[in-house]
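Here chain A shows up in two complexes: once beside chain B, once beside chain C.
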Partner chain A sequence: MKSILKIALGIIAALGGFLDIGDLVFNTQAGALYRYDLLWAVVLGTIGIAVYAEMCGRVAAVTGRPVFDTIRMRLGFGTGLAALIASTFVNLLTVAAELGGLAIVLELLFDAPFSMFVVAAAIVLVAVVAVLPFGGIERIFGYGGLMMLVVVVTIFHQSPDWGEVAQGFVPSLSGSTLYLYFVVGVFSAALMPYEVHFYSSGAIEEGWTESSLKENRLNAIVGYSLGGLLACALVIVSGYLFHPLGVEPNDLGTVALPAQGAFGETGLLLALGGIMFCVGGAAIDSSFSASYNVAQFLGWEWGRYRGPRKAPRFTFSWLIFLFLALLIVESGINPVEITEYAVVFSVVALPLTYLPILLIAGDRSFMGDHVNGRLANLLGWTYFGVIIVLAVAAVPLLLATNGGGG
Partner chain B sequence: MRGEGTIFVAHRLLDEQILDCDGKRCGRVDDIELRGSPPRIAALLVGEALYPRRLPRRLRRLARRLAGPERWGASAMRVPWEEVDEVNAAIHLRGKAEDLGLGEGDDPENWMVRRLPWN
Partner chain C sequence: MRGLVATVLAAALTLSSYGCGDLSRGELSRGVEALSGLAAQGGLIANGVARDATKSTYARAMAKTLGGEAEHEAEKLADAEPSPEVVDERNVAVQIASEIAELLSELQTFPGDEHHGLLVQRHLREAKEQADALTVRLTGEEA
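After this line comes the complex of A and B, so read on.
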């Protein structure tokens, strides 16, 4: 019983890193514009991150290597460096988007000027990381993010036409350029690489060994199913409420409105609280991820578990990333716009960090008996194909649709 | 046999993480020094000064300008092969990082590290 509880808590903690500002923005917009039509892309992206995360977690548990530990070995220094630069650029945009999102939510909750809350949000994040150990950070944001379940309950309150909802799970690529742009957006919002880089480094932070493989598989299957459910719920409630009205949600507060429509102020507060923890946790995950990647590529000491004294360069670069993100947000660019760029560019950078993991996970000399089985190989390579196609299509679609503006 | 050895060197040693006897991460293998005939591994080379030569030829000159030793005073450290204790998922050294001049950037005695607010 105790071990079941422990696993359940672990899954919730892992879930904390799944839903972030990318899903909130893209899925809500997707629902408003295309009702339930893009649900299949959410599912496709969710299975993708489950496959990628399971492999990364397994590689980390068996060989002790997080993602950027494998990059130089499998891609060489030059290409590896390109992967690092691309990932760092995307990570920085993501931290800025999450930090800006956090400030928007605080602004809505407490009604004070936005720019002040950006600084406050950054200070709170530094304080949380300074005080809490790694596991504590994961748990706080994971449990807090569960408030988002109010969105799932909202579906039942709305009671949409289930036949129509079910039809949304059937893949369809026929539609306008804007529709295709949203396919890419919704898919890559589910499969943000920083989440997986963070997850695999987190496995090292928590001292995973081969005995943690069961936990890893459960996280991938149960944790991401739950995450996928939440991500689908965002599309459904938005599709139900906003699509008939022709509303195009352009700010983060809109995400909380369906819950308010269903449950009044309690619904609104729960949704805003959930968004706050999801986005705050994602700000920490993405900034850690940026710092993990640099430290691992260059061979520095790294990790929250080492502490700032033993890993000074890692800690310092984390602060620098947070500070740079703060500057980006304070420059006045709309966080929702930053989010769209972060999500779209992340799928462009994804193949470079996905391939080395796929190669190592399939290499018996590294993995022994835990090498990719038939299913993992099939899924792994299929998704590699999907990612390549989307990576090639992403930027042209971004330009053709004027950044999703139509 | 010689072919296999070369593959081993490039495949399992180059770019690998180095840990000292206390498990401290202290750099990656940026190059390998070979000596003799048939060639044997004489030492592992570690340091930012080696980065430029790891890049594609066209980028090398630019990289030397930006990060080369002339500009930054970065130097490469030489870890004699005898110092290597074990090679598995990482390269484990027999001695401490400080004694081999590795991991200087994370060393609490380093002048830059000393100035960080938490030190």
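After this line comes the complex of A and C, so read on.
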């Protein structure tokens, strides 16, 4: 029973981290534009994040070191600083996008101005973090995010042509520049760097040791598989409903439309509730990640479990990140646009995040008997190759497609 | 600040979408396809209102957002300098965009009225058909 409860860490990482505003937007748009053709990219990204999350959870449990600690240790101060700057920039954009997304959902549920909800959302997040312990935050957002399962049920209500759906899982790179842009977007939305930063720091917050390795593996496999299932479901319901109609989903609210079509107001409320918890959880994950990175790089005391008195600089930096994100959203920039830029720019920061994990997890002097096996090494290095290719292609594709506008 | 950002973005979008000169057949066609998509999405929202299967705050906020997009599209098309061979089509496109914006505005005003929902859904379907027909005229292909 205890181990089942502990899988919550994987579930929040999957729903509040994996399924964030980036996944919601990119997967829904991918389905609307290319029907089921990009399902393979979702699966590719899901396996990638599960491989790296398992690795960094294992490193954290065995060595007691979170990701950013290993980055500085293995890459040195200069490269580590570059990684910190890149990750902080992307994390800040992500926090802003998630906060804005939360405000959009509140606006859809209650009738009041958007800017008021941005402030309300920030206050609620601060209150939740102040009142609840780390485990409580996990459970509230993780289990709340399970409402998104309504999207999976919607598939069966729509009853798509399963042969066509199955064809979407076969990789294909033949297509327009816009198609390639969405391959990058869908893949990198699954591998956002903050997810592993949060996952490994969360492992230390939870006091993982070598005895937690089984739990780590379960979290990575079950949690991210669930996240991947939901991401595929978003592509399928969008491909079924929006593609034939030529709908171009540019708003977060559109993500809830298929559930409304299938189950009326109940479906709509479940979808909006699920989105709210996913985006809210991701806002906490990404803002925590930004503070974790800075604190770990600079050697500050860090961790929610230490509390504001024992980790004052960590707590203060978290509040600063949230405040900066609030300013970005209040400036009037569309949160969905911020999301798209955060996802694409994150690809550039990916190699600096994932290389040190791979090096440490494969180093027997650090990991002892828990060093990467052949399969983990093969998958890790293969994915690292894919990440390098995408990192090179991301910005040219962003420019060539006018930010995905075609 | 919000106004400034919006103005800069709108200017950048207009320039990048239509260039500094003529509105070509291809560009106009893409704009009309976007209008068809907006009408379709609006129709789905209106369908929820007509069936009493939505939440009025959701229908109102979505209608407002989509209506704003349609209005923006109408303004972009109206401001653009069309190539001589597509002047008539551009004018029809502006008309369709304005109609979609008006219908969505009506939905925004009556998000809990099933009768209005049904009417708006019907008219949005017609607007989509007009947009699709215009796309066929512009491209010679079925939308």
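By definition in this document, the second predicted complex is superposed on the first by the 390 of 406 C-alpha atoms of A that agree within 3 Å, B and C clash if a C-alpha of one lies under 4 Å from a C-alpha of the other, contacts with A are read in each partner's own complex, and residues count from 1 in each chain.
Everything that follows uses one rule, which is that contacts are C-beta pairs under 8 Å (C-beta built on N, C-alpha and C of every residue); 3 or more make two chains touch, one makes a residue touch a chain.
In this text, all values refer to a predicted model and were calculated from it rather than measured experimentally.
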Which superposed partner A:V237 touches (first chain B, second chain C, both, neither): neither
Chain B versus chain C as contact partner of A:L81, first or second or both or neither: first
Partner chain in contact with A:L19 - chain B first, chain C second, else both or neither: neither
Partner chain(s) touched by A:L257 [first = chain B, second = chain C, both, neither]: second
Partner chain in contact with A:G64 - chain B first, chain C second, else both or neither: first
Partner chain(s) touched by A:M73 [first = chain B, second = chain C, both, neither]: first
Intersection of chain A interface sets (partners chain B, chain C): none
Residues of chain A defined as touching chain C within the complex: 107-111, 241-242, 245-251, 253-254, 256-257, 260-261, 264-265, 268-269, 272, 331-333, 402, 405-406
Residue numbers on chain A that touch chain B, as the complex places them: 63-65, 69, 72-73, 76-78, 80-81, 296, 298-302, 308-313, 315-316, 366
Of chain B, residues touching chain A in the complex: 14-18, 24-28, 30, 46, 51, 54-56, 59, 89-90, 103, 105-106, 108, 113, 116, 118-119
Residues of chain C that touch chain A when the two form their complex: 1-3, 5-6, 13, 16-17, 30, 33-34, 36-37, 40-41, 44-45, 47-48, 51-55, 57-58, 60-62, 65-66, 69, 143
